[in-house]
Amino acid sequence: MKALALAIVVLVGGLLVSATVDFPDWADPNSPASRHVSPRYIEKTMEETSVPNIVTAVLADYRGYDTMFETAVVFTAGVACFLLLRRREPRPGPSRVYRHRATGVIVEMNRVPDKEPSPDVFKRIDDDWTPHDLIVMNVCRLLIPFIQLFALYVIAHGHHSPGGGFQGGVILGASVILMALSWDLRTAMLRMKETATGLMSAMGVFIYAGVGALALALGGNFLDYAALSPLLRVDPVAARSLGIFFVEVGVGLAVMATMVLIYKNLASEGRLDQGL
Amino acid sequence: MLHSITPLLAVLASLAAVPFIILLKGRPNAREAVTFIAAGIKLILVASLLPAVLAGGEVEFTLAKVLPGAPLALRVDAFGLLFALVSSSLWIVTSAYSIGYMRGLDEHSQTRYFCFFAVALSATIGVAFSANLFTMYLFYEMLSLATYPLVTHHQDAEARSSGRKYLFYIMGASIALALPAMIITYQQTGTLAFSPTGILAGKVSPVMAGVLLFMFVFGFAKAGIIPVHSWLPAAMVAPTPVSALLHAVAVVKVGVFSILRIITGIYGVDLLKGLDLGMAVAWVAAFTIIVASLIALSQDGLKRRLAFSTIGQLSYIVLGLALLSPKGMTGGALHIAMHAFGKITLFMCAGAIFVATGKKNISQMTGIGKRMPWTMAAFLVGSLSVIGLPPTGGFISKWYLALGCLQAGSVALLVVLLVSSLLNAAYFLPIVYRAYFKPPVEAAWAEGRNEGPAAAWVPPLVTAACSLVLFFYPQPFLRLAQMAVAQLFGG
Amino acid sequence: MEEYIPLLLTKYNYWVYITLMMIGLWAMIAKNNLVKKIVGMNIFQTAIILFYVSIGAKYGGTIPIIQHGPGHGHGAAQIKALAYINPLPHVLMLTAIVVSVATLGVALALVIKIHRRHRTLEEDEILEQLRES
Amino acid sequence: MSEQYPALIVITPLLAALLVSAAGWLRPRLCFPLALAGLGAAAAAATGLLVQVLATGPVTYRLGGWEPPWGIAYYVDNLNAVVAALVAWVALFNLVASYRAVMTDYPEKIGPYYTLYVLAVTGMLGMVVTGDAFNLYVLLEITSLTGYALIGLGGGRAPLASLNYLFLGTIGASFYLLGVGYLYIVTGSLNMADLAKLLTPLYGSLALLAAFAITLVGLWMKMAFFPLHAWLPNAYGFAPAPTASLLAPLMTKVMVYVMIRIMISVFTVEFVLQEVLVGQLVVWLAVAAMVAGALFALGQRDLKRMLAYIVVAEVGYMVGGAWLGNRLGMTGAVLHLINDAVMTFCVFLAAGCIYQKTRGTSFEDLRGLFKKMPWTMAALAAGAMAIIGVPPTGGFFSKWYLIRGGLEAGHWGFVGALLFSSLINVVLFFRVFEIAFFEPSGGDDSHGGHGGHEEHGGAVALAEAPLSMLLPLMAAALGLIALGLATGPLVQKLILPIIPAGLG
């Protein structure tokens, strides 16, 4: 295997190295890539979409179709993890232990209950992970709202500064994952239920594709946000800018929900009751 | 040139019967009625084409233009009609016989049997009516596949190994030899349509022409030329009606007919004569004739002896065609019909004996003439026809073959014909002699006549009678054969 | 030898990416542990991302965000393509990053499934188990 | 509406997938109808597009209204129109057939299963219609990711097979991406038509050759072209039946389509014929694929795995045909792409029907099936005939063109390998048929086990697959014959116009 690997690596590497002779030098402003196609983005973006962040404009408008499927890829990964891992059967174990939240009374059930007691009243405490650390828990609890606020800013301000749906969505998702890490998976699940996660990830992509389809319904081509201008009562350039914002929101939603969904399934081997 | 849908209907008549046969699964009488109706319709349709063809016309129908120069098309000419008439008329007789045989032995899966029989008949008529090599190949393969479940009808170990052999030779040869030969032909000429003057002339080098010819001759392994013959004895595990109609008439004749089409339609007489390829094929056929007859002598199983006899007789046809002389080709074409009537009689007799007594081997049939006089009488007539003695139809075709040898100036081949006729007599007449003139081996046979179910022994009598009639009145087959040959040799 | 030195210096971005990529490829083929293979796969994909991003660079270019502040097309005439780096590779690589993350997720899910069944992630041990059964 | 067909082909299944996913959480019963509606609409749009393209010529569709090469554009000519229609219809039929199988095997995961199913089809359709090299990569990854998940769902060795597929598939897709990157770096464009224009002056450059080589190797990995086929037999062999009958017929064909598209529309045949000097070598690889695929298939004792190896051989047919370097070979490759999708679908679906009833597809499970499942076996026989290449099924005609292409190129190895693989296919399928025909079914104690003649008379209960599986299967089997009979118009009207003039 090692010899084969070496042979392949040398072969492929040789091919790649030999081709670089014809490539432009690093950072050459006159390289074909810098002279064809891309100058238009730089020079016309403001005029055509009124979005200063060219990356955002190209991402969500000029090549918005790519990005829609990119979001779909994220969504696919979430659904795929769910499909592969999720198991409904409870973890085999002798008993379940609950603490009544109000009184602190501990109840042990020998049989798996047909219906879980309401998590608001009873907290399951038979988890076998590390004991809770008060400082970590509370610092995180304090931080999470700010993280989420920042995430919303990143999504919304993607027009003007580095950022956008993907980045903001990841930060949002990370905040939920931080919750699961510092508290526990069940607590995080209380804040963001599995069904809600699944629905949100689908909804995020749906917003994106829906905006595109709406443009199609209004007589434009698919994803031609300019066609939305009669509906939004703004001129086509502003409509493009707004359209980009809508789809970024969709992206953010989908990425956040999918991050959480993947994390939950991976961390608990698909049982979603305990784990990291 | 006449355009009509009749040829297509004639092909489809039996295919259309298949759904009804399946639907009437639970009601055997109704099911067999469907077979008869389809057979009747088919014969009428085929016969209805006769006036037009006898008047010198051809009937055409194009089904789909699948390949440029090689559409899925049907064309009825004299050769094709001759073959179609033989097959469709014998299907009626065999259907009656099938009922007697299958019910007499209480065979399983009769619905499947009748279904595939009908499909096989469609394919046979399709081959007869094909307008080009591609269409013919299509029906040829269809026939190969439709026959497989019939050959392996018994579903036991023997059927399995025979089925394997059958497929190996038939499918293997057609894919490995006939198909590439066909594609090369198409590549060189851009067409596959049969033409009286041939399509290959001037398009291929002599060596290529020779190689292709033998790829075709051996590729159409149904013709049973040695060394691609051994599927035929193996296929004798099939129920006897299958052997009778398919392995004496339809399947093997399809093979021979394919070679006929190759010689007349693809190569053309002039090209073959020019390259001297006719004689080469003729000698291959002659070799097959003699060797098959010699092997037949040593066979004890009646059906196996008949099978080897068939291999020999098929090569008569190939020989006649390969002589490339008008008389010889007439004889070859005519032999398709004459041998069919004779050989089917023999097979049906063998089946009738099996139904009535359960005997398969010749050595067990000593004295059976007492028990089954009519069956053995039919057997005698069939034997005479296959040997080629008057007053049977077989004599006429052999007469033409012999004349053809002389016309082609090959005395050696005439000698082969005569020697093989002697061999034929040597392996058939002793059977008849033993049956009538030797004391029965089984005591019960002396008690008197008991020929089993009428549906099993009447059909051979009918075909035997046909053989006799054909001696005195060989029409319309002779006329068709002569017309077809006349066309080849330019009016 | 000397003519190769400028080649080495002016095109060093390609050498870096090829080296990284080959490291990843090596790991994917030669490593025995499935998770290590996945790590190799990630290096492999990241190398390509690096390659793309390096295409976008321009001497004297800044990040591709128009610096005139918000506005609807005013002053667009002053924007010079040379002043900003090429945004397209960045856009493309955002997609590629997402794809590689998604692939990683699915790969890990599969690995968990495999571990559930075979109780190991060493490829040779898994193959051993499969041969025995 | 008709000018929006290209968009609708992809949007309707995408939206449907999202709705299916939502329904999976809320109303699982709605999943299947939604998926059906989405793929039905896609199939209708694809058919409409095909009709439109045939009537008025190639269609360009600008997504977002941006003109190429700045925006992404679809470019649809006869070739992708017909492949899109094919993909949509096969996926739709398979969807109908998958209903019962998914209900029995994965009742809890209907939602995600159909979500991924429809997404996979979306990705394939997108790949087929797109005219942008990078967009193709994104869609390729969607299809691949869904494929990994749908395969990994199977029991037993499926996850491991899927992970292997994921590794090789990722390498393949990354190579493709890298190849596109090479093209981008030398031209600055990603649009295929634009690339074709910009590349012409660059012929002869090493970078271009490397780009071509890397792209092709990447695609070959994805299509399991010998010797890069190692992932395929396990992945398709262990995949759940409805997955196998979706991916096996479509995935490899779509990749072959992409290869042909890259060969004729991004690079040109002139480039492929004159600059790339390894054309002969590729055809020899194809020969090796056919021979090796056939021989490996002989070694299998499981129907699905046997079929998977046949797919490997079939890929060899198409790649070889496309690389022969003449019109006939290319015609054969495209025609075979169409036929092979239908015939592979037919045989894999038949295997799925068998699995549904016997819970296995190893050769032992096939015993007595002609009695128990006559219709399924009839369809399997029809598919087998097509794979062997018996007229009038479509398989015969594509082989016809391929062999003629081989003859014209004077490549006897290719011709010989085609015939050899046909013969091996006869052996392969009749081995299966023998088992199903001669050997009594094992489970039936009153009849089996004694051998001999008697049990044939005994009535074996008919245990046919459900109608929802049988009808698509029959449609596929009849489709094979219809395709064969339609070869003339197919070649004349559809395929010949798109064969580049540069091919000899």
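In order of appearance the chains are A, B, C and D, and numbering begins at 1 in each one.
Criterion: a contact is a pair of C-beta atoms (placed from the backbone, for glycine too) under 8 Å apart; a residue touches a chain by one contact, two chains touch by 3 or more.
It should be emphasised that the depicted structure is a prediction, and the values quoted were computed from it without experimental measurement.
Across the two interfaces under comparison, B-D and A-C, the one joined by more C-beta contacts turns out to be A-C. Measuring from the averaged C-alpha position of chain B to that of chain D gives a distance of 43 Å.
Centre-to-centre separation between chain A and chain B, using Cα means, comes to 74 Å.
Note on chain placement: the centre of chain A and the centre of chain C lie 19 Å apart, centres being C-alpha means. Across the assembly, chain C contributes 25, 55, 88-89, 92, 95, 99, 102-103, 106, 109-110, 113 as residues in contact with two or more other chains.
Annotation for chain A: residues touching 2 or more other chains are 16, 20-21, 23, 31, 33-34, 37-38, 41, 63, 66, 70, 73, 76-77, 80, 84. Pairwise, the chains that touch each other are A-C, A-D, B-D, C-D.
Contact residues on chain C toward chain D in their complex (touch as defined above): 25, 28, 34, 37, 41, 44-45, 48, 51-52, 55, 88-89, 92, 95-96, 99, 102-103, 106-107, 109-111, 113-114, 117-118, 126, 130. Those residues of chain A whose C-beta lies close enough to touch chain D in the complex are 15-16, 18-24, 31-38, 40-41, 61-66, 68-70, 72-73, 75-77, 79-80, 82-84, 86, 88, 195, 198-199, 201-203, 205-206, 209-210, 212-213, 216, 220-227. Listed in rising order, the residues of chain D touching chain A in the complex are 4, 7, 11, 14-15, 18-19, 21-22, 24-26, 61-66, 69-72, 108-109, 112-113, 115-116, 119, 122-123, 126, 132, 134-135, 138-139, 141-142, 145-146, 148-150, 152-153, 159, 178, 182, 184-190, 198, 205-211, 213-214.
If you check the complex, the residues on chain D that touch chain B are 385, 388-392, 397, 400, 403-404, 407-408, 415, 419, 422-423, 426, 430, 434, 437-438, 452-453, 456-457, 484-489, 492. The touching residues of chain C, when paired with chain A in their complex, are 7, 10-15, 18, 21-22, 25-26, 29-30, 54-61, 63-73, 75-76, 79-84, 86-92, 94-95, 98-99, 101-103, 105-106, 108-110, 112-113, 116.
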